[in-house]
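Shared chain: subunit A. Partners: subunit B in the first complex, subunit C in the second.
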Partner chain A sequence: MAFLEIDQLHKQFGDLPAVSGFDVDVEQGEFLSLLGPSGCGKTTALRMIAGFERPTSGTIHLNGRDITNQPPNRRHIGMVFQSYALFPNMTVADNVGFGLKLKGMTPADARRRAGELLELIQLPDKGGSYPYQLSGGQQQRVALARALAIEPQVLLLDEPLSALDAKIRVELRAEIRRIQQQLHITTLYVTHDQEEAMSLSDRVVVMNKGFIEQVGPPFEIYNYPRTAFVAHFVGQLNVMPVRVVDAAAGRVALGEQTIILEPPLAANGQAVTLAVRPEELELGAAEGHNNLRGLVESVNFLGSIVRVRVAVDGATLSADLFNERLLTLPKAGEAVTINFPAHAAWVLEEQG
Partner chain B sequence: MATETVAVTESTPPARRARAGAGLLTWLGVVPFFLFALAFLVAPASYLFIGSFQTLDGQFTLDNFRNLNQPIVVEAYKNSLQVSFATALGGTIFGFLLAYAVTLGRAGRVRSGLLTFSGVASNFAGVPLAFAFIATLGRIGLITTMLKAVGIDLYQQGFSLYSFAGLSLTYMYFQFPLMILIITPALEGLKREWREAAENLGASSGQYWRYIAFPVLLPSLLGTLILLFANAFGAFATAFALTGGTINLVTILIGSQMRGDVLRDPGLGYALAVGMVAIMAVSITAYTLLQRRSERWLKR
Partner chain C sequence: MKRGAFWSWLWVGLGIAYFAIPLIATLEFSLKAERGRYSLAAYRTVLSDPQFASTFSFSAGIAILTILFSLLLIVPTVYWVHLRLPQIRPAMEFVAFLPFVLPAIVLVFGLIRIYSRPPFALTNYVWSTNLLLVAAYMGLALPYMYRSVDTGMRAIDVRTLTEAAQSLGAGWPTIVGRVIFPNLRTALLSGTFLTFAIVLGEYTIASFLARPMFGPYLANMVRNKAYEPAALSIISFALTWAMMGGLQWVTHRTPGSTQVTTGPR
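Our next item is the complex of A and B:
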């Protein structure tokens, strides 16, 4: 039995199913992200685990205990909110010590423990400050310390970084991962930022319209997306409408040009959608690769990468090239060849 | 870099010149307000203040303040303080419960209706209010007669609209709506996440109220209590219209010094008024300080 077992969780708001068939097992110490577009049910799923929403059906087991209908104040699950939600009438130390005080810890012990946690979040001098005297990033660190103080069995974070500046966001992200690994605490992290989910998680749960699309490690989600939705939602994607010419040989046609894929394919003559990531494409022709001719549409210099958009028969493909000082950039309107290996492309299932 | 100056000269770029002009215009806009305040607030207050240290023929004296220490004046202050405190406390409690019901409770549907009523009622005072109460709870008022018909004789049982209790009841009519108007935003400022964070850390609903919601609301509650107190303390027309001056209040006593029916002594009137202004000033200052603190808490 897994540490946190979520079985067939379902939540209905009136006629609207916000979460359907949510089924995930989380191991002790694992860092799991819930990733998906706005309104896909991430927060609702998290709030059911915290106990703020009652599931319409399904069960939640924590460490073998059924907590599905337990009130939130009995669950020993820590939560960090997007809006920090620090108690404005208490100092930082009192905020962090609040859960300990409720547990009956003596004020002296609570103060010492709060001090340790402020050390952990690298704000040892802020114990006497009030929340309104802190920056957003500092407030969120304190909120994290407050949730961790009661040594919860599971830590839940609902878009904790989305109210912060880009730079602070990246900093605090690393900080959250460091603390999570140091404490080895089971963590569920809600975000709609795929980069955040990828860089933090052991596994990512991709959600869409209340359903789970795919669960897996970041590498697998990115490179072997199981549905068209996942492929599109995570990372950049080139799609090409092609027709199967020879299924056994893996040969398809993109307009007048031929592409060889790894067989087997669907039946001959069928129209399918081919997908390939921009970083798999290279400029120029290459022996043994698929070589496509086209016209350069635009060249975008993005710093470490250069994105070249090439119009090929019936499709516009982006090629992401690594920047180097010796690179000669093609010009818009120029005729070029781009290539990619057979294994880089795959057939997308029909989007339902 | 050259140092910045704000002087407008020929060489000042047009944008900067326009900004300085706009600054001047802004000040021009508030001139009427300052003139108004000067004419109707600062001037009368100074006049009062100076008058309170003068005899009838303009000599300096402290007698007016010495005269404050006579039974009728002490009683007036006592009555005024009592009515004000009682109705402020009553208004605070009653108004808070109503505001709670329409914000956090289950009566959300009547929220906008209640707020509209409060906006009107909190400004309903003076002669119209007194007459409204006389028409309902006076000796032959609507409710009085209706209750009499079912065998309850209010006036027989010691109630009188023209007594301390009756006056307090009448004041309540504008006191609790004012509380509703001020405390509703504060209640709405309590974030749902605070309650959830507290529950998440193991707090019961009672503990949430004791440690977070109540302390967060306390400055607003105290501040509003003070404001209601000042509101009742300064009321004159309602009390005068209702009781015709039979209840001895500071405002009524001042009125009689000025108009000179019973005891004509403008100097004493000025001294009474200065005492009242002092009480009001302390109240408003305390209110402002408390309000500032609660705003700081409720902002984020």
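Our next item is the complex of A and C:
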């Protein structure tokens, strides 16, 4: 039995199902992200685990205990909110000590423990400050310390970084991961930022329209997306409408050009959609690879990456090249060949 | 001096004069109790009148009870509406507005008709009459109290703060008492202050229920004396200001309660 077992969770708001068939097992100490577009039900799923929302059906077991209908204040689950939600009338130390005093700790012990936590989030001198005297990033650190103070069995975070600016976000997310690993605390993290989900998580749950599309480690989600939605939502994707020519040999046709894939494929003559990541494409011809001729549409210099868009029979493909000082960039309108190995492309299943 | 500055000062001056002249006139009049010279005779009369102290303290007591019960009734109610029933807010606004359009005389007749006979018969005892008085004033104070509580709730993110407290293990009494209420303190000041002033000066209900309130005492004084009512006005004015200062001081001592920003919503 997993540490946190979520079985067939379903939540209906009126006629609208916000979460359907949510079924995930989380191991002790695991960092799991819920990733998906706005409105896909991430927050609703998290709020059911926290106890703020009652599931229409399904169960939640924590450490063998059925907590499905337990009130939130008895679940031992910590929560960090997007808007920080620090108590404005209390100092930082009192905010962190709030849950400890409720657990019956003496004020002196609570103060000492709050001090330790402020040490952990690297704000040891801010205990006497009020929330409004802190920056957004500092406030969110305090909110994290406050949630961790009660030593919850599970930590939930709902887009904790989306109100912060880019630099602080990257800093703080590394900080969250460090603390999570140090305390070995089971964590569920909601985000719509795929980079955040990829860089932080042991496993990612990709959601769409209330359903789970795929659960897996970031590497697997990115490289072996199981649905068209996941493939499109996570990372950049080139898609090509192709026709199967010889299924046994893995041969398909993109307009006039031929592409060899790893068999098996669907029946001959069928139209399918082929996908390949931009970073798998290279400029120039290569022996044993699929070589496609096309015209350069545009060249975008993005810093460490140069994105070259090439129009090939009926599809526009992006190739991401690593920047080098010696690189000669092609020009728009130039005829080029691009190549990718057979294993880099895959057939997208029909849907969404 | 620049023209703009001149006109600004003129308007400020007019504004001050509008409030200050009647006050100064009252003050001046109150000092003329003895013919031909200024004296504090009127003040001496007022302050030595045992009825002054007794009615003032009785009214103040009733006012404090009114504020206390109003808060106990309104804060949890408005909190719950904000948290769980935001769609009935318009209905709440309407109810809270009613005392404005209902004349006090109508209110007091209604109250007496219903509560002075069985099964309630509240006017049979002094303590229960006082209770009725407090209840009536809670009605009068409702618009002000509701408004200030509602404004206060809107300034904080009630729902998220509640959920944060819940996830830390807090039950309802702790949430209301230690998180919601303290963050409303500044917003509540205007409501409590207005309530205090209303109860102190209220005449109609107090006289019909025949309790020794300050309002009827003041009115009686105005009818029978010349200089003393003026002195009394100045005294209540000073007491009012002293109270305001006191409240200011109380809120200033708690820095967290004057700032309620909780970051982006």
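For this structure, a couple of remarks:
Just so we're on the same page, the second predicted complex is superposed on the first by the 351 of 352 C-alpha atoms of A that agree within 3 Å, B and C clash if a C-alpha of one lies under 4 Å from a C-alpha of the other, contacts with A are read in each partner's own complex, and residues count from 1 in each chain.
Methods note: contacts are C-beta pairs under 8 Å (C-beta built on N, C-alpha and C of every residue); 3 or more make two chains touch, one makes a residue touch a chain.
Since this is a predicted model, take the numbers as computed values, not measurements.
The superposition on subunit A brings subunit B into a clash with subunit C.
Contact with both subunit B and subunit C is seen for A:Pro131 once the two complexes are overlaid on the shared chain. In the superposed model, A:Ile150 makes contact with both subunit B and subunit C. Contact with both subunit B and subunit C is seen for A:Phe52 once the two complexes are overlaid on the shared chain. When the shared chain is aligned, subunit C comes close enough to touch A:Ala163, but subunit B does not. Of the two partner chains placed around the shared chain by superposition, subunit B and subunit C are both touched by A:Ser83. Look at A:Leu102: by the touch rule set out above, it reaches both subunit B and subunit C.
By the touch criterion defined above, A:Thr91 reaches subunit C but does not reach subunit B. The intersection of subunit A residues touching subunit B with those touching subunit C, taken from the two complexes, comprises 50-52, 71-74, 77-79, 81, 83-90, 98-99, 102-103, 131-132, 143, 146-147, 150.
If you check the complex, the residues on subunit A that touch subunit C are 50-52, 71-75, 77-79, 81-91, 98-99, 102-103, 130-132, 136, 139, 143, 146-147, 150, 152, 163. The touching residues of subunit A, counted against subunit B in their complex, run 50-52, 71-74, 77-79, 81, 83-90, 98-99, 102-103, 131-132, 143, 146-147, 149-150. Residue ranges of subunit B in contact with subunit A, taken from their complex: 191, 193-194, 196-204, 207, 211-212, 215-216, 296-300.
Only residues 156-157, 160-161, 163-171, 174, 179, 182-183, 185, 254-257, 259-265 of subunit C touch subunit A when the two sit together in their complex.
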